[in-house]
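Multiple structures follow.
The same subunit A turns up in both complexes below, where it pairs with subunit B and then with subunit C.
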Partner chain A sequence: MTAALPRYARPRPDRLLGLTPAVWTGVLAVLALAALEVLARTVVDPIDLVPPTTMVVRTAELLGTAGFVTGQVLPSLGLIAAAFALAGVAGVGLAYTMWRSPWWRLALQPYLNVYYAIPIFAVYPILVVLLGTGGVPIVLLSAAFGAVVVVTNSLLGFDSVPEPVRKLARSRNLGTRRYLTAILLPAALPDIASGLRLGLVYATIGVLATEFILSTRGLGHEIADAYHTFRTADMYAGILLICLLALALNIAVGAVLDRLDWRRR
Partner chain B sequence: MTLSDSALADTPVAPARPASRGVPPPLVLGIGLLAAWWAIAALVDSAVMPTPVTAVERLLVNLQSTRFLDSAADTVLRLLTAYVGVAVVGAVTGFLLGLARFWAAAVSPLLYAVYSVPKIVLFPLFLLFLGLGDASQVGFAFFSGVLPMVLLVSAAAAAVPPLPLKLAASLRMSTPAVITKIVLPSILPAFAGALRLTFGLTFLGLLIAEMFTGVSGLGYELLRNVPLVRMGDIVGEVVLVILIALAPAIGLRTLETRVRARFGTTTEGDGR
Partner chain C sequence: MSAQPLIRSHDVTRRFGAVEALGPLSLHGARGEFVSIVGPSGCGKSTMLEIVGGLQRPDSGSVFVAGVPLEGPRDETAIVFQDSATLPWRTVLDNVAFSLEARGVARDERRDIARRGLETVGLAAFAAHYPAQLSGGMRQRVALARALVTEPDLILADEPFGALDEQTRLLMSDELLAVVDRLGCGVLFITHSIQEAVLLSDRILVMSARPGRIVDEITVPLERPRTSEVLSSTAAAECVSRIWALIRREAQVAMQGAS
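Now for the complex of A and B:
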């Protein structure tokens, strides 16, 4: 029977050569890194590519340098934290306004719909002219970049309160504030959390990209500077560090946000 | 959370739209913001705060210069090249990957890991390997959009509901027929959503690349005016960038709404 079944109707095989997909993921990752290592040590010009092992060593060296940590890493992390906080507060606040007022919802919805189609980084030069090259334009732009994804997810959450619960609240004469704290926010929390998780990714991209384009310090700036001054090993070390930081940040904040998500418990 | 949950859920496609009379609220808001900008600019009366009229005037003046027109044309051409690449290469790769469901499960985590890296920091690699010209900028714009396309399409292709496939097997349908009659229609909504999502990402990547490379293009024009503090020019260019982004964005959204209405899983299809 199974032999007659066409391939498309068969269930996905559990293993290939005795290995599960997850193991294959690891195998492929190791193979890719090994290929990179070999390429870097044989064919490719060392000014273009350094071997992954060298990247790791150089990253460790940079992290051991106090000036690098305090001068580049911590400022970037501070800006990301500020942008993330601003995006979260503004995003949830705006979503609440839209949920309360149908007029605002109608007025804002079309703009939110096309928001991520517009490359918002185009506005960065305006902010730089108005506010200088410091942290303020970076935080503002990154927060604006991250806020809208928080808005749309929070709105989904606010809309998710079931009709019977709303009716119950009305029959119990819950005030606006009580309704907000006892029903609306708890009900919306999982969606707000997933919005915040994306907001963090966006805020991180925003900070690193603006630092990269035009700024005086920070990790993004450091990579751009390393590129311009042909410090290839430093550039790759910075890229590796950002990948690791982004990963660690996502995992850490994701773990915190998961605890807020009662739907997963 | 999968990419399709997060990326496509971020903008609800069909907002509730009760019939309302009078001026539409979005228009009121837009005019209000424009008026506020105008009033502030008039009050401040400074070169760093142009009025909307100044900005549009500067844009019109710039649009008469060949150099600026060349830059704008460069950007549009690069965007088109990269986006067509994203749509074709991304969709075909995603489709093939999704059909090989075992490999989709093995490769997706790697693609997702690369996707979650703030891609902008990888741009110097494009410069190193592709040079300062169009290739690196188109390449980076392509790279900015192609991963979500692959991930969304492959997830959709791997998630074709088993019931129609079993029915097809019992009807002894050939594999090509299954692909054209079942698989393709069922991934169309995800593909339309990915088309909309990746357009914004591709344009964003291109603009950042142009800002950084500083050779030509609208991104370069924007940044070039910063040290000169030509705010009228900058704001005018931002208006142009928004206009370039807006037309396809609205078109792609309409397309997505229609495709979802026609092929979406929420509507009960009769399987014609």
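Now for the complex of A and C:
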């Protein structure tokens, strides 16, 4: 049948070499790891570049070490969760005040525009001086890092209520509160969700990076410490662990946020 | 018609910047009376409807609804907008229930009422669907059901059947006539279809090109209660051709003014 169709009308093949795109995604990852493995075992000194198989083994060993999960992994995850929650609540809240008051929005907008031009990690020493080392400055800094992307996306969402829907709401005399819960928040939810997704990424980067620079514990600190004391295998294992954790966190939170997004129904 | 006046507007005008959109325009409507407005595109029909709905303020002139100067949207007025305003995050059922929710009706009760409303417009089978899964005409019917379930004393409808095919349009007209008869409410109804205006209305107001004024008023000489079958009568046919002759002039003026 298909042979009778002209070439341009034939359906595009959805497989290459008999494999679906999803399988190819996996194949690419395996190929990259295999190349790394070969490189580490032949050309490059295995002290500088640890083979992936060794990384996996070392990661498993670290996770089995007494106190590693409770002392390093969980504290980092806790800080990420706190920073993410703070960024989300503060971000959506600030966006709502800006949506309510045009002059406030006009006054703040220039700051939002240049916010990510300033390397916020540079102020970490100030926070340490003011608040000491420990969780509080890490959470504050990481939340500040993530909040603004939540603000901009939430504003986008609040602005997205279509004109006819606003007229409908006005014709029904909805009060401020009912308008917020019945119209504004549901309409903005898909955009708020994509803001929160990014906010999580920023919060994760913020926590690990500040741990890296100045903290005395946590995963970020573990990697820095391994690096400074030439424990290359531990360093690579930590990096692998961070990548896997960030990926898992992102997929899990993303799945929850997707359920809020009525555009995907 | 000596019924109690429901709408009375006097010399209403409205401008948008340099554009004179409307008026001066005076109209009136009684309880239980069905008044249609026909007129060329852009003549200010939607603007007038929103003024009577309390959504826009006139620049001059006065509007009284149910004997009271209009201050803003009334709860007892239901509006069907030109672009059917559905809430895409809600199911069809909860879209219809929205106007009852705004009034504080409890959840189970408003869903029961909404379900009956959906039956009226023939969409009972789509209660659990989302608006994006419906056609444009089906969304218009959702918007109509949402207006009807509040049992308003005044319905303002802006081309509510614009996206419907001819057969569905006639069926919906029959349903609307039945509901309006039952509620005894007043209706102000904008349409592009002269046939539809004749079928539904007690009176038809013909508007001029922008800035819109009322240039003619036709009382429809057909008995009530009616169904779409009256359209095949000679009286209806005569009425249609008379209105068409009037509108033709205004439509030509509007087209020339726009080019």
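The working rule: the second predicted complex is superposed on the first by the 236 of 265 C-alpha atoms of A that agree within 3 Å, B and C clash if a C-alpha of one lies under 4 Å from a C-alpha of the other, contacts with A are read in each partner's own complex, and residues count from 1 in each chain.
The rule we apply is simple: contacts are C-beta pairs under 8 Å (C-beta built on N, C-alpha and C of every residue); 3 or more make two chains touch, one makes a residue touch a chain.
Everything numeric in this text was worked out from a predicted model, so none of it was measured.
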Q. Which partner does A:Leu174 contact after superposing on A: first (subunit B), second (subunit C), both, neither?
A. second
**Q.** First (subunit B), second (subunit C), both or neither touched by A:Ala187
**A.** second
**Q.** When both partners are placed on the shared chain, which of subunit B and subunit C touches more of subunit A
**A.** B
Q. Which of the two partners, first being subunit B and second being subunit C, lies in contact with A:Ala224: first, second, both, or neither?
A. first
Q.
Which partner chains sit in contact with A:Val89 here, subunit B, subunit C, both or neither? Use first/second/both/neither.
A. neither
Q.
Between subunit B and subunit C, whom does A:Val256 touch in the aligned arrangement: first, second, both, or neither?
A. neither
Q. Touching A:Trp24 in the superposition: subunit B (first), subunit C (second), both, neither?
A. first
Q. Taking the superposition as given, does A:Val165 touch the first partner, subunit B, the second, subunit C, both, or neither?
A. second
Q. In their complex, what parts of subunit B are in touch with subunit A?
A. 1, 5-6, 9-12, 15, 17-18, 20, 24-26, 28-29, 48-49, 99, 101-103, 105-107, 109-110, 113, 116-125, 127-129, 158, 162, 165-166, 168-169, 173, 175, 178, 183, 196-197, 199-200, 203-204, 206-208, 211-212, 218-219, 222-223, 225-226, 229, 231, 234-235, 237-238, 241-242, 245-246, 248-250, 252-253
(Q) Please output the residues of subunit A touching subunit C within their complex, sorted ascending. (A) 162, 164-165, 167-168, 170-174, 178, 182-183, 186-187, 189, 262-263, 265
Q: Report the residues of subunit A in contact with subunit B in the complex, numbered from low to high.
A: 5-9, 11-13, 16, 21-22, 24-25, 28-29, 32, 47-49, 102-126, 128-130, 148-149, 152-153, 155-156, 194, 197-198, 201, 204-205, 208-209, 212-214, 219-220, 223-224, 226-227, 232, 235, 238-239, 242-243, 246-247, 250
Q. In their complex, what parts of subunit C are in touch with subunit A?
A. 50, 53-55, 72-73, 75, 77, 79, 81, 83-85, 87-90, 98-99, 101-103, 130
